[in-house]
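First chain A sits with chain B, and in the next complex the same chain sits with chain C.
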Partner chain A sequence: MSFVPDFFGQALNGLSYGVLLFLLSVGLTLIFGMLDVVNLAHGSFYMLGAYAGLATIAVTGNYWLAMLVAPVAVGGIGALLERACLRPLYRRSPLDQVLLTFGFIYLFEDLVKWIWGGRIRSIPPPEAFSGSVQFFGATVPSYRLFVIVFGLVMAVALWLLIERTRLGAIIRAGVFDAEMTAGVGVNIDLVFTGVFAFGAALGGLSGVIAGPIQSASPPMGAGILIPALIVVVVGGLGSLKGSLVGSLIIGQAETFGKAWLPGASMVIIYVVMALVVLLRPQGLFGRALK
Partner chain B sequence: MSVLQVDGIHTYYGESHILHGVSLRVGAGEMVALLGRNGAGKTTMIRSIVGFTPSREGRIVFEGDEIQRWPAYRIARRGVALVPQGRRIFAPLSVRENLLLGARADGWTLERVFGLFPPLRERAEQAGGTLSGGEQQMLALGRALLTNGRMLLLDEPSEGLAPLIVREIGRILQALKGERLSVLLVEQNYHLALRVADRVYVMNKGQIVYEGTPASLEADEDVKRRYLGVA
Partner chain C sequence: MDQLTRRRFLQTASVAAAGAAVGPWVLRAQAQSSPVKIGVVLPYTGVYAVLGESITQAMELVFARENWTVAGRKIEMIKEDDEMKPPVGIRKTEKLIDSDKVDILTGPVHSGILMGMRDKVHNSKTILIVSNAGADAISRERCSKWIFRTSFSNWQPCQPMGGWVAKNVSKEVFQIAPNYQAGKDMMAAFRETFLPAGGKLVAEDYPKLGETDYAPYITKIKQSGAKAVFAFFSGTDAVNFVKQFDQFGLKQTVKLTGAGFLTEPDVLPAQGKSALGIITGHFYTPVLDNPVNKQFVKDFKARYNNKTPDGFAVQGYDTAEVILRALKAVNGNTQDKDKLVDAIAKVEFDSPRGRFRFDPKTHNVIQPFIYVREVREVPEFGLTNVPIDKVADVRDPGTGCTLPA
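And now, the complex of A and B:
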């Protein structure tokens, strides 16, 4: 393989991985920013999404339906988790939150192993995107192009939702000052649950979409948690723009790291994070720390 | 009849006991000032009323409802509007979004608020965080008015503002007195408060130590010196 096609192919891989990270980290960053909760189980939503997709395809054979069912199911699990388990913890120490949500990683992982078994399961791409296309001499699975376009469309849609609607204004206000948002009459508890469920649903969506690229396996949730957390740190807490830019940077860094410095790809994303934190402790698009 | 009646409330931050059985009332259409030195507990009093820091004991009655256990959003919707200390504008939201976030019912409309505060109209699409201190105070007041509450709680609206703007705030408070609005005004600026208030409470170390009219407080050198540091 020559340099240019190889480079181009890796860049597209990085972009599609970045898009998955984006969908996952949006929820993480909004939940962090608004609820001050470190939800370590957020990666589990990604894994649960993949399995919900797998189950839907097993029953109906329809990938598009899976893309609908997975976020709804995972969003519902997220809403339950927030109401029943996290709500009582908001006033507790961050350590309690970390311990509880860390425990949920194992709970969800074991639950999935118990239902589907521990082996890796592949999810076939939808019929329409099962081929590949030539791009600057690189052979690229057309499904990856679909993922990239879909992710960018989602980014625009989310931007419109958050920056241009009343609901978005409520979310931004809640991220900035939740108490005062309640003080003008917004039922902030309901908004918390809604944002948590929505973030979980996007994580679930990310998981189904990842299926045809990475397959589904129980540890995939714990595996993607670290890059997703790094995206939040790099992009800045509570920032949609930060989440997008951070995801694209980390997606490329990890992908190129894997290709050029095998074995050191994780080190590279830590280095990126360390550089950003040194230069801008609040992250690229985060608010200055109080 | 009282619009707001606070009866012997005790409020804590964690284990520290801040309010020790505070009572006060605000009548319909009345403007009541709550004065006291730094740390006297005035903001804690406001936070107890709006449900940010619920009191552990005592009663708070608003228009006949006991609200002391209600969540903050319900108290706001019931008709208690807040201009908090430090203004707490939603910095990333536009001026218009700040104003409309809690807007309810009729009476005060966006147009009327823009009429009262013309600079807000000019800056309607600008982020709230880019406004000057005086403009942010207008925005905080406009945001509270648009919730169309019948009780307005103002926590140090003149804090940190230039004298000219403080006078402007005084003028606006006078104008609000004409509205059918009951007001509880917390102020460090004793002169401003005495000019606009119908009645006055003075607070010290989490207790009410004086209750009277602006004229009677003006004449009470002892209270002014001991609790307000006014010579």
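And now, the complex of A and C:
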């Protein structure tokens, strides 16, 4: 056993896991920041994305097409959900929204089971990334390298979108003060629906991206929700940067926990979360609580 | 008002007396012609629902063959979803025993539920036929006269594999299993024959149940220099581990072996070609060449939309066969529980896995064979477990169990 390739290999493992967490949690944090809704059904979007991807691949055999179709389909479902179910609840207590989105976890799970059955499925990696490569003495599946690159490109693209475009300015304004933004003539209702759909689409995309690494089954959405919520708490609610940094920290903590402290690996991410909440209750990049 | 004549008094009295004498008999006859109630506690939702489904389907196949009647009584199955959660499973067990008053109980998949329901079953003298959960303890210090098991003890598919792997694969093995009782039981059973055969345990790891990213463990396996892995995973864990093991390119250098659940038909299609070449120990595979199995595979496929039966289905099949044969032997009398227990213990028949019989010492099934199987692609079955070797009459040691007592 040599330390350097071992360390390097594990760091890459942590990075690929962290990037997956980022793709998943960024939609969650965006929706929370803008709409003040803790969308517990976000894991369901992840699951729906994986199944939409499966369906696309079953029909066309093309993974790249699945990466396109799944977010569009899930984004559409998200827009419908926001318009039809969530909108009437905005003026009610957050608990009502939590109950509603919690209910949707079961609804989507049963819906998927009804259409596709409960069997475990899986998405094969695209042909171009089905092997593994050697990297400074460490072996990495080439698909994981693709995930890392794709996730980091997505992070930059999202940053540019939110920080450097007019649309991004509207979203940021909405996150800061929705009423005031509406007051200066922005159709805030449309922006709300758009952001929710976009967040849902990102959740769906992460489901397709995770497909070749993990299996797909109806309860997968409920299972992934906890790590995603932890990332959002660590990074800070509603912060894009927080979601990225939080994901990378949790990814590394979990991976090195499994590698070096196997006995404690189950609690390590909770310890990280508890430390962050103790020292910075608003999360690493969250706005200070009023 | 009529006057009470002597004749009329006698008439009334004799009817009453006859009624009193006949009463218990009438009640009893009613009990015997009422349906035999079979309580089923299995997961019907969640990832393990496919196991519950396989077990149930095979039971229903057998009962349907008998037109849902045995010894003149209707068979009634009362199915409860345990959601793979011990508190839920135990609550459902209590409901089936206390309010439904089932004659025979069967299930569960989860060993934690089995251990949790054990005392309730034992104290209420309810007959339980375990159709999956493999907790070793139920054939050992926690065995009960009222509990039988048609499936396996965790020890059974793993113990014969230790010596086999040491002899035929490698003496340097890395062990990996989920961090719970069944995982640890199976790894220990493997070592019982692996270490005496000169095997060396390079390292062992216990990821959490329901892990999705095995990369850190796979990197450790690679760095450890082990020539083979002995693994136990099931459900989504089995799919994720096998896929990721292949994606890291380890299949070329490290032989993957394990307990049969690693490549059962509930996970094999999702694993796809990543599973090719994996060697596992199990009491069954659908390609077994015996007439009962051939008929079973044919009937099962015909009834369930061309689905190939798996080991779980065989457990359901054998559970139903045991129930039918025992009830026939006691003429449908479920009142005399001691007699029924004796009848169950004596049941013997040809099952798809071979000659089925219980070990009188533990009430656990004696596996006619543990097959060493390799995942291959074969015509008619596609990707499946092909037997390449076998060990006969594998019975749990039953340490600490003092049946019949």
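Throughout what follows, the second predicted complex is superposed on the first by the 277 of 290 C-alpha atoms of A that agree within 3 Å, B and C clash if a C-alpha of one lies under 4 Å from a C-alpha of the other, contacts with A are read in each partner's own complex, and residues count from 1 in each chain.
Quick note on the criterion: contacts are C-beta pairs under 8 Å (C-beta built on N, C-alpha and C of every residue); 3 or more make two chains touch, one makes a residue touch a chain.
This is a predicted model, so every value here is computed, not measured.
Looking at the overlay, what does A:Asn13 touch: chain B (first), chain C (second), both, or neither?
second
With both complexes superposed on chain A, which partner does A:Gly223 reach: first (chain B), second (chain C), both or neither?
second
A:Ser206 contacts which: chain B (first), chain C (second), both, neither?
After superposition on chain A, A:Ser206 lies in contact with neither partner.
Is A:Pro5 touching anything from chain B or chain C once the two structures are fitted on A? First, second, both or neither.
second
Check whether A:Gln97 is in contact with chain B, with chain C, with both or with neither, and answer first, second, both or neither.
Neither: A:Gln97 stays clear of chain B and chain C.
Which chain makes contact with more of the residues of chain A, chain B or else chain C?
C
With both complexes overlaid on chain A, does A:Ser247 touch chain B (first), chain C (second), both or neither?
It touches nothing on chain B or chain C.
Which residues of chain B touch chain A once you look at their complex with the stated criterion?
My answer: residues 50-52, 71-73, 76-77, 82, 84, 88, 90-93, 97, 100-102, 104, 143-144, 147.
Tell me, which parts of chain A touch chain B in their complex?
166, 169-170, 172-173, 176-177, 179-189, 287
Give the list of chain A residues in touch with chain C in this complex.
1-2, 5-6, 9-10, 13-14, 16-17, 118-122, 124-125, 130-132, 138-141, 143-144, 212-215, 217, 219-220, 223-224, 254-256, 258-259, 262, 265-266
Which residues, counting only chain C, touch chain A once they are in their complex?
Those residues of chain C that touch chain A are 45-47, 49-50, 53, 179, 205-208, 210, 212-213, 215-217, 219-220, 222-225, 235-236, 239-240, 243-244, 247-250, 266-267, 269-272.
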